[in-house]
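You will see chain A twice below: alongside chain B first, and alongside chain C after that.
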Partner chain A sequence: MDVLQLVVSGLANGCVYGLIALGFVLIYKATEAVNFAQGDFMMLGAFLCLGFTNEAFLGLPFWLSVPLAILAMGVFGYALDALVIRKMFGQPQVAVVILTIALGFVLRFLAGVIWGHQPVSLESPIAGQDVRFGGLVLGMDEVTIIVVTVLLTGGLYFYFNSTRLGVAMQASSQNQLAAYYMGIPVKRLNSLIWALAGMVAAVAGILYASKGSIEPSMGLLGIKAFAAAVIGGFGSLPGALLGGLIVGLIEPFAGRYMPSGYSQIMPYLLLFLILIVRPHGILAQYHSKKV
Partner chain B sequence: MMLAPNLERNADAGAVVLAVRNLESFYGPIMAIRGVSLDVREGQIVTVLGANGAGKTTLLKTISGVMNPEKGEILYNGKNIAGSEPDAVVRAGIAHVPEGREVFPLLTVEENLMMGAYTRRDADGVREDREMVFSYFPILKERARQAAGTLSGGQQQMLAIARGLMARPKLMLLDEPSLGLSPLLTKEIFGIVRRLNREQKVTMMLVEQNAMVALEVADYGYVMELGRIVMADSAERLLQSKDVQEFYLGVKEETQRGQKRWKQKKTWR
Partner chain C sequence: MRTVFKTSYDADIRMFKHGAQAGWYALLLVLAVVLPWLFNTYWLGEATNMLIWAIAGMGLMILVGQTGQASLGHAAFLAIGCYANVLLQMHGLPFVLAFPLGGLIAGLAGFFIAFPMARLHGIYLAIGTLALAILIDDLIVIAEPLTAGVVGLFAPDISIFGLDINRYGNPWLFYWLVLFVTVLIVLAYRNILRSPLGRSFAAVRDSEVSARAMGVNVALTKATAFGVSAGITGLAGALMGHFAGIFNNETFNIIISIQLLLMIVIGGLGSIHGAFFGAAVVALLPQAIAIGRDVVTGWLGSSSVAIPGLESAIFGFILIAFILFEPLGIYGRWIKIRTYFELFPFYRKDMFRRQRSYLKTERMR
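And now, the complex of A and B:
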């Protein structure tokens, strides 16, 4: 019973890591740049939802605030690419990476100014409730996180494999020049990818916030999610989720069965190990061009 | 202009679909195209021959809008499309089959074809065209659900052409379809290109290093060197031209003493 509860809470955390990792991989595949502000996107999404719904701020209904926050992050992602990142086209990728690191600092600062640096709680209807499966008592928040992540993953899988736009996004990430030749509007698709990454980050943030209090520095969780993405195989969407789940599961078990303090470094030890044994990650996507 | 008399020899053919006029394009700081003018007439296969670095690919990229020209005009059915975005060019009816195939390696054959039709909204037409494409390339139908990256080089070239056809182009730009293919496969693919030209009425602009196979299927040809057009004539005449024979077809003349002449001056220098 004890183990099962550890598994569920690990999976719930892993889902959040996995969703942030998904954002990393989405943007990396489309633009070959790493968005180190992905964790801060998550933070911003959570705080936007909090700002919409909490009594101290706008006090809108929770079920309206969630889509509003997701939508706002989508618009934010799109605008960021269309107005800033796209202008850097032709610059070395490292410039984009540095830009995203700086953007992370700015977002953290802005969130601190607007919502304060103290931990605050999202007033969510699912916080603090329990679900019972037979003799098993699970937190409603954790179950919700797992269910929403499964649904979102299924939706994204359908989107990327069965819709014209989704397949076109795959195409342009595999061969951008050829996508141009086909008349696929690559620039617009890249902006849409940023929008998608922002929306996924918002979902991750809201889910994370439903588990406990949040503060502007929680975006640093992105580092752990980045490790998860590398473990799963950077460039692979299922790999990102898998890496997230692995990291999420390792933590509670290491915390339970190892001396205190070790659980924090376990994900990074695993990262070391994976990089040595399987440098492209667990689910690497290879392909070599025929000449 | 020097080219004028030769262009007139081709004047009895169809209307000019594509007219390139004094085009100049830069590849970074290098002027890759130095004032190119040429005509592509409806229903023809027009080939542009030349060695590596002659500017052939740059010419095609400039026409399809992937590169912007510095100067000059690209008149497509009389309208200047120089500097247009690639999707506008595809919508106008020009499909570009790039050098080196450039298929989407992790997408299936079918998804690759779907991407070729990205700019189209007529689902029924797209379905018909997919059947049409499969009738020319039956192997692609067999492999429809296979990832394109797992196809052989020849099959990938067929897929690249098929994908271009899915845009239902009036003019197709083919960049070195023989690249890396065996002579037999090259022959097969060029045979299909000729059939597509005749049966589907697709005008072709074919860029090639392999002058022999290109001139065999083409109606009209241009020879490019260092970013300039240096010869223009009907394909038969080019095949018989001493210069083209020596420099592009590898036909060597021998002197009376049986020695090879090492240096011959090109007549256009």
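And now, the complex of A and C:
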């Protein structure tokens, strides 16, 4: 029973990592840019929801502020691409990496100014309740995280494979110029992808916030999610989730069965192993480049 | 406008382009040597700090600017160099041996870590090095009997053939030591660029496929670049340890790695000058913010308030501005201004315009 508890809490953590990783992969898949600020997007989403919900700030009902926060992050993602990232079109990949790292610094600072640097908790109706499955007692928050993640991933998978817009996004990710010739509005699609990534990050942030307290530096969680994305395979949506779950499951078990200090480096050791053995992740999507 | 006629192939790889350039650098060197008589102790300390950052910047510049491999984990090599240097000295080795050995150990670590990762491209390499920086941070804590973990180590006084150098006791000697190392590294860097190794670095940076076609061993070149880069960074780390006096695992955290990368981007990628300009920004920014805060509080007449994270936020803003408006960095801007005056009035706006490339993914056929 103990092991099962560990599994569920690991899965819940892993889902949050997976959702952040999903944001990386979405942007990478569509625009070939890597958004190092995805963890800070998540932080911003969580704090926006907190700002709408908590009594100390706006005090709106929780179920109203969740869609508001998601929408706000969507608008933020769209505006960010339209105003800043689009100017980087055609420049080396590393330039966007550095830009988003700098953006992360700025976002962390802004969140600190608005909401303070002390840990605060979201007044969420899911927090602190229990669900019973037979003899098993699970946290409502953990169950919600797992269910929402599964639904969201399924929805995105369907979206990319079956809808017109999703297929157009895949096309522009494979060859922007060719997609442009086919009449696909590549620029607007890229902005929409950033909006989508912002919304996914907001969901991840709200889910994470309903598990415990949040603070502006929690965006650094994004680094772990990055490891997850690479472990799973950077160009693959199911891979991102798989990587997140693996990292999430490793942590509690390593913490339980290994001397302290070693548990936190396990995800990164695994990352090294994967990079050496299978450089493009478990669910790799890579073919050699033609000149 | 000066025109240099190249009459032999050697002219392409000469140390200086023309005599006047050599003269200017000699003047700069003289100015740097007499600096202790011009600055007071506080600003001399800042100048030393800047030079140390410049060495670290040159280390990373070899990798990022010359070989085109991004690393987000160079603080790991700062840490390796720093700990190796101090631990060797604590076990009885003199500084003149421990210091180069520290650099060598960091360099070898870089080489052997990079070798399996040399197959990776761009972003995977960056993430691998990022993970490395986090691992080293935790490993320092785990290897507590050796490294004293979070408590940290004290850097001993430097002793060179009986001459004791302490950062606070005789800062001018420490400054000259750092300056000496800086000049050595600059010369080494410049000579690497003039050698076949430097040209194979550039080949790998510009196109791996064509480098391979020209007979460059890409994986070995990348690993060598990593090794050289890590070695220089390790030397900077050793000096940083002596400069800070006391250090622990937190001294070389992930933020330092990122700051190092951002620094050389602000300075200008692919040039030695860029490392120095970037180091000047990083070393002097805290001072500038402190002065600016004093001015603002002077206006408002209130007591000074410290805003946490302000420094990195301003750093972030500067960086975003540079990436958007001046991707070539401070050095690029300087080149543009110089060209403007050299060619006056024939400078055109698009002379330094970048060639844009449209994206074809590497993931698909």
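List of remarks:
Methods note: the second predicted complex is superposed on the first by the 286 of 291 C-alpha atoms of A that agree within 3 Å, B and C clash if a C-alpha of one lies under 4 Å from a C-alpha of the other, contacts with A are read in each partner's own complex, and residues count from 1 in each chain.
The rule is short, and it goes like this: contacts are C-beta pairs under 8 Å (C-beta built on N, C-alpha and C of every residue); 3 or more make two chains touch, one makes a residue touch a chain.
Quick caveat: nothing in here was measured; it's all calculated off a predicted structure.
By the touch criterion defined above, A:Pro185 reaches chain B but does not reach chain C. Using the contact criterion defined above for the overlaid structures, shared-chain residue A:Leu177 touches chain B and also reaches chain C. Within the superposed three-chain model, A:Leu269 lies in touch with chain C and out of touch with chain B [touch as defined at top].
Applying the stated contact rule after C-alpha superposition, one finds that A:Arg164 touches chain B and leaves chain C untouched. Taking chain B and chain C in turn and counting the residues of chain A each one touches, the greater count comes from C. Once the two complexes are laid over each other on the shared chain, residue contacts for A:Arg132 go to neither chain B nor chain C. Comparing the two interfaces of chain A, the one with chain B and the one with chain C have residues 174-175, 177, 285, 287, 289-291 in common. For chain A in complex with chain B, the touching residues are 164, 167-168, 170-171, 174-175, 177-185, 285, 287, 289-291. Those residues of chain C lying in contact with chain A across their complex are 64, 70, 116-117, 119-120, 122-124, 126-128, 130-132, 134-135, 138-139, 141-142, 209-210, 254, 258, 261-262, 265, 307-310, 312-313, 315-317, 319-320, 323-324, 327, 354, 356-365. Chain contact summary for the complex, chain A toward chain C: residues 28, 31-32, 34, 84, 87-91, 93-95, 97-99, 101-106, 108-110, 112-113, 117, 173-177, 216, 220, 223, 226-227, 230, 234-235, 261-262, 264-265, 268-269, 271-272, 275-276, 279-280, 285-287, 289-291.
Partner chain A is touched in their complex by these residues of chain B: 64, 66, 86-91, 95-98, 100-107, 111-112, 114-116, 118-119, 149, 152-153, 156, 163, 167, 180.
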